[in-house]
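These notes open a run of structures that come right after.
Common to both upcoming complexes is subunit A, partnered first by subunit B, then by subunit C.
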Partner chain A sequence: MLVRRVRTWLPGLLLVAPSIVAIGVFVYGMLGWNFRLAMTDKHDEVSEGRFVGLENFIGLWDQPRWHLSVNHAIMFTVVFVLGALVLGWLLAFLMEKGIRGEATFRAVYLFPMAISFVATGIVWRWLMNSGMEERAVGLNRLFDAIGLPQWQWFRDPDWGMAAMAIPAIWQMSGYVMALFLAGFRGVPEELREAARVDGCTEWGVYRHVVLPLLRPVTLSALIILGHISLKVFDLIVAVSGKQIITDVPAVFMWVAVFDSHDPAKGATIASYIVLSVAIFVVPYLIWSVRKERRS
Partner chain B sequence: MRRRMRSHWTAAAAVVMAGVLSLSACGGGGGQAAQPTQGGGDAKKQVEVFSWWTGPGEADGLQAMRKIFEERNPSYTFFDAAVAGGSGDKAKALLQSKLQADTPPDTFQGHAGAELQGYIKAGDLEELNFLYDELKLKDAFPAQLVDQISVQGKIYSVPVNIHRSNVLWFNPAVLKEAGVAGAPKTLEEFVAALEKVKAKGKVPLSIGSEWTVTHLMESVLLGSLGTDAYNALFKPGADWNSPQVTKALEQFKTIMSYAGDPQDDWQPAAKQVADGEAAFNVMGDWAYGYFHNPPEGGLGKKSKTDFDWAPAPGTEGTYLWLSDSFTLPKGAKNRDGAVAWLKVAASKEGQDAFNPKKGSIPARKDAEHSLYTDYLADALKDWSSNKLAGSIQHGVAVNQPWLASINEAVGLFIGTKDVAGLQKALADAAQANAQ
Partner chain C sequence: MTAVAAGRRRVSTGVRLGVLLALVVVFLIPIYVLLVTSFKPLTEADPSQAWNLPQTWTVEAWRVAWEKLAPGLWNSVLLAVPGSLLSCALGSMNGYVLSKWRFPGADLLFTLFLFGMFIPYQGVMIPLVQLLVGLNELTGLQFYGAIPGLVLAHVIYGIPICTLIFRNYYVTIPDELIEASRVDGAGMLRTYWSVVLPVSGPAIAVVIIWQFTSLWNDFLFAVFLTGPTSWPATVMLNNIAGAQATPYSQQMAAAILASVPTMLIYVLLGRFFMRGLMAGALKG
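After this line comes the complex of A and B, so read on.
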């Protein structure tokens, strides 16, 4: 009896055990180690580091650079998430309405996702060059040629981070389109028909039938984009390098660890990044677990 | 029966899979660590030389030195562990993880001076006084250089070249068009010249990414304060709050107000001068190679006609220097090989092979002068006669955390234009890091 029971669960356990151990050590173990480090005063590589509680977490808010990088991250997140959602939805909507050569367009729109953020960044660094008039290259040259005003792009002190979100939108909106398209196609034709029979206009069908059914898709898209956005690093570094004008927490963390040689400060920033992502993801996880239980 | 069989089969497969996974995990770790193999017996021993010289010019220089090394030391092979990337950003991050894991390369490149302080404090470096005594290097290098790279009488690196940071590059045609007679000698003349160029509608001063602004600031500080007051800023207890520093930073603010759109890095900024879009650029003398070299790696411009140079305004007679150097990490696998490499790097032959290709001058005083022409001849002449001051941005005057704070202060200043805030941040950085 026992042998049989062992036979049923042991192979499965053996199969997943390596991943469980690896995740336990390299994800949760390291997270714990990072939080512990953030609560010490190990401000250079050689000192021991005594426990100081939340001192680093509070002290960070005294630094002008931290405020700047948090503001940048918020602006980037708002523009990127909204931009990718709206554009992705719009593309999916057009596909849904039926266009010729849909498969080709789908591939074209989805294609940027296959490119790494670093490659995207290197191309957009050139496209968003801040040169003006005859010195312009990239998009500014194009704008000059067709008489549009030229921009400083990501070097603009106020709106630079909004420009920085453009390559990210370019990269991710195709993916959002794919999500929404799957959502649209998942709405049964009978439901739409039923609504039309009840006297709904075409707009009303979307308003009252399709969009409510897309809510879970929107939510997952929001989570995926949100967590990418809050920890963004590679795109920023590829476009502008480690410059204050485009500082975000992840870049600040790199500088704290590798330039300032301050492990505790780096760990503190890393902790804040993890916490900010958790604020996005944890409610979603709770919600989806509850929903599964209910159904 | 069949079901039994199948569950047997899945069980066996699962066990095998788990085994393979754990095996490959170990194998991957062991196989990926690209460490030089331990040469047993008569096999040649590898010397792992870690640098960030992968670009045109610098990599050629390294090759030239490698040739001499291999001729002199037939029992060693050279293992090039170079990591690509500008001023060594990525290399330094990788190096740090190697040092922390106690798997240092046999020797690594670093900027001579305070940049090495962190490694010294962490006990990563062996002192090299024995080598300096054996090779009589204290006589070969200028006394002031030896003094500026010593930490409490101990020296931890062998400088292989010297670069100059306080160079004003300019386009003679643009200056002529704007009615500027020649390179400005003082900061006041500089501002007047910038104003004249601005009136002609050209970019008065080209700048690159934020570090090039820190680079500009060090030349302005030196030009405004003078050599002795500048050098004193990096001694413990230095007064960064003095009115002299305030004045220097005000001048820096004025000069920055003439800066053009920031370019991606120093090369596009220098190119603006070469192309006649901008009049002036302050950059280290590595820009000479970029201006002068044939189009594969440079712009192929003619010196003195397409571009020209002078000491940064107010800094004539002072060589704001920086130096690439090699170190001897503690616990290196092949210490003897590393020492053999350091001997080549310190030698007249090694430095004369490396520097003309890299576009820098040797740190040794007895170099072969005929090898250095055009700009480099000028530099060599100045190097032997000028006073010395250490570069901030390039790791001589300040250590890495201090430099990170200065770069942060300058980066914030570009946004705020707030001189008082900049000065306070600089003073705080000095307070926290001077030693």
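After this line comes the complex of A and C, so read on.
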């Protein structure tokens, strides 16, 4: 009996075995390896690296540059996630009931996703050029022409990271639109009709029928945008390079590994990035797998 | 519908259309800039003409950009083509087993796989470099600092998303089909080969497009794992654009060149691209 059961599932297990090993080693093994490295004093390429516990994790907070990069990441995340969510939702809302040329609209809003941050970073660096007055190019020149004020964009010491979120919103809001559009269209017409028959206004139908059903989509979008935001790297490098003024943890890690040759510090920063993502991705995964099993 | 309601409806459609069109213009601004600037001669690199169309059109910037970027483009092809094919093969086998040939603990395993989809690659970067360096020393082959190492990394970290896409697709194949094949005496591989694989077309397209795009656009792995001779287009583009002496026209021509393959895929196969995106949202 047992032998027969084993014989039914063993071939399958063997077929996925290479992937299990690969994921085990390259995802979990290496995450563990990285955490261990972060708990050593291997602050140059050659030293042995003794175990020092959480020393590096605590010590990082003594560095002004770390505070700066964390603050930047928070500001970027808030502006980017809210911006992409609101704009994506608005686009979907405007198209929800069908509109002439919908396919073209969708194609235009979605195309930035196909292009790399490195390529679009080049044009955004030009658009958000900080030159003012007669030296102004990009948006500053355009704003001047239509009477809007010029500003420093990503070079602004206080709001620079909000400007940095603009290209990211441009890149990702089409995706959010697609998610919401699928969500809107997933609401059965009978449900809306039933609510109308019950005397709901169009706004009431939206408020009480459609919005609650969009909650799972909103959550998915939030998780996807959030995890992209916390590890943002190529956009920053492409737009501003490795400047302190736009430092985020992922760029700081690169500097620690390549410029300061400090593996333990790089690993510590990387660990913080992983933890910040895991805090909300892990519960989300558990929740969504459970939900799928129930249905 | 009353005349008033119909009128109101027409107005609201007009407003919606207007807002959507305005946003189309906003979304296309970067593309306008890329194209217009890339055709400008150096003499028009004057801020006051920044938004104008070129007075004299020239492809000089394109020629130089092509010369500088060509090796990177070729490296990207060598990276993205085998990488996406390998990802596809692995994802298909995993998806098949996890949906149709399940074993105890398959759900848990799948969840553990999925987490791999979200991990920030920074968290595995340093060990990955060390491992690939070790592989170089062990085998005498080029993993670290060359394309094979980069392909390996992408294929492995692509397992979660590829498995997810195939699994969600294979779930829609009726179990009776698999059962019938089993009753006929076909084993797991035989069933895969003659029942499952022939209907896998759409999922294969989605995975290849998804992986091709992410391999082509990747920067982080490439920066950490490759050396100057194996830099893909993204890294080379970043270096070209980072050099102060490179005129804007060349930077933008190079940016367009580096985006041509993924744009082509998007234009020609947008439907499948879209499905890949939706799969990434954990929705089947």
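What we mean here is this: the second predicted complex is superposed on the first by the 280 of 295 C-alpha atoms of A that agree within 3 Å, B and C clash if a C-alpha of one lies under 4 Å from a C-alpha of the other, contacts with A are read in each partner's own complex, and residues count from 1 in each chain.
Note that in this section contacts are C-beta pairs under 8 Å (C-beta built on N, C-alpha and C of every residue); 3 or more make two chains touch, one makes a residue touch a chain.
All of these numbers come straight from a predicted model, not from anything done at the bench.
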Touched partner set for A:Arg135, first subunit B, second subunit C, both or neither: both
Subunit B versus subunit C as contact partner of A:Phe233, first or second or both or neither: second
First (subunit B), second (subunit C), both or neither touched by A:Gly12: both
Partner chain(s) touched by A:Leu148 [first = subunit B, second = subunit C, both, neither]: neither
Partner touching more residues of subunit A, whether subunit B or subunit C: C
Which of subunit B and subunit C A:Ile23 touches, first, second, both or neither: second
Which superposed partner A:Ile244 touches (first subunit B, second subunit C, both, neither): first
Which of subunit B and subunit C A:Leu191 touches, first, second, both or neither: neither
Which superposed partner A:Ser116 touches (first subunit B, second subunit C, both, neither): second
Footprint overlap on subunit A, comparing subunit B with subunit C: 10-12, 15, 18, 22, 125, 131, 135, 241, 254
Subunit B residues touching subunit A - in the complex, by the definition given at the top: 7, 10-11, 13-15, 17-18, 21-22, 25, 89, 92-93, 96, 100, 118, 121-123, 203, 209-210, 261-265, 272, 277, 400-401, 403-405, 407-408, 411-412, 414-415
Subunit A - residues contacting subunit C, complex: 9-13, 15-16, 18-20, 22-23, 26-31, 33-34, 37, 91, 94-95, 99-100, 105, 107-127, 131, 134-138, 141-142, 145, 170, 174-175, 178-179, 182, 217, 220-221, 223-224, 227, 230-231, 233-234, 237-238, 241, 249-250, 253-254, 257, 263, 266-267, 269-271, 273-274, 277-278, 281-282, 285-286, 288-289, 293
Subunit A partner contacts - residues on subunit C that touch it in the complex: 13, 16-17, 19-20, 23-24, 27-30, 33-34, 37, 47-48, 50-51, 90, 93-94, 96-98, 101-104, 107, 109-116, 118-128, 131, 153, 156-157, 159-160, 163, 187-189, 213, 216-220, 223-224, 234, 237-238, 241-242, 248, 251-252, 254-256, 258-259, 262-263, 265-266, 270, 273-274, 277-278, 280-283
Residues of subunit A that touch subunit B when the two form their complex: 7-8, 10-12, 14-15, 17-18, 22, 44-46, 64-65, 68, 125, 129-132, 135, 152, 155, 157, 240-245, 247, 254-256, 258-262
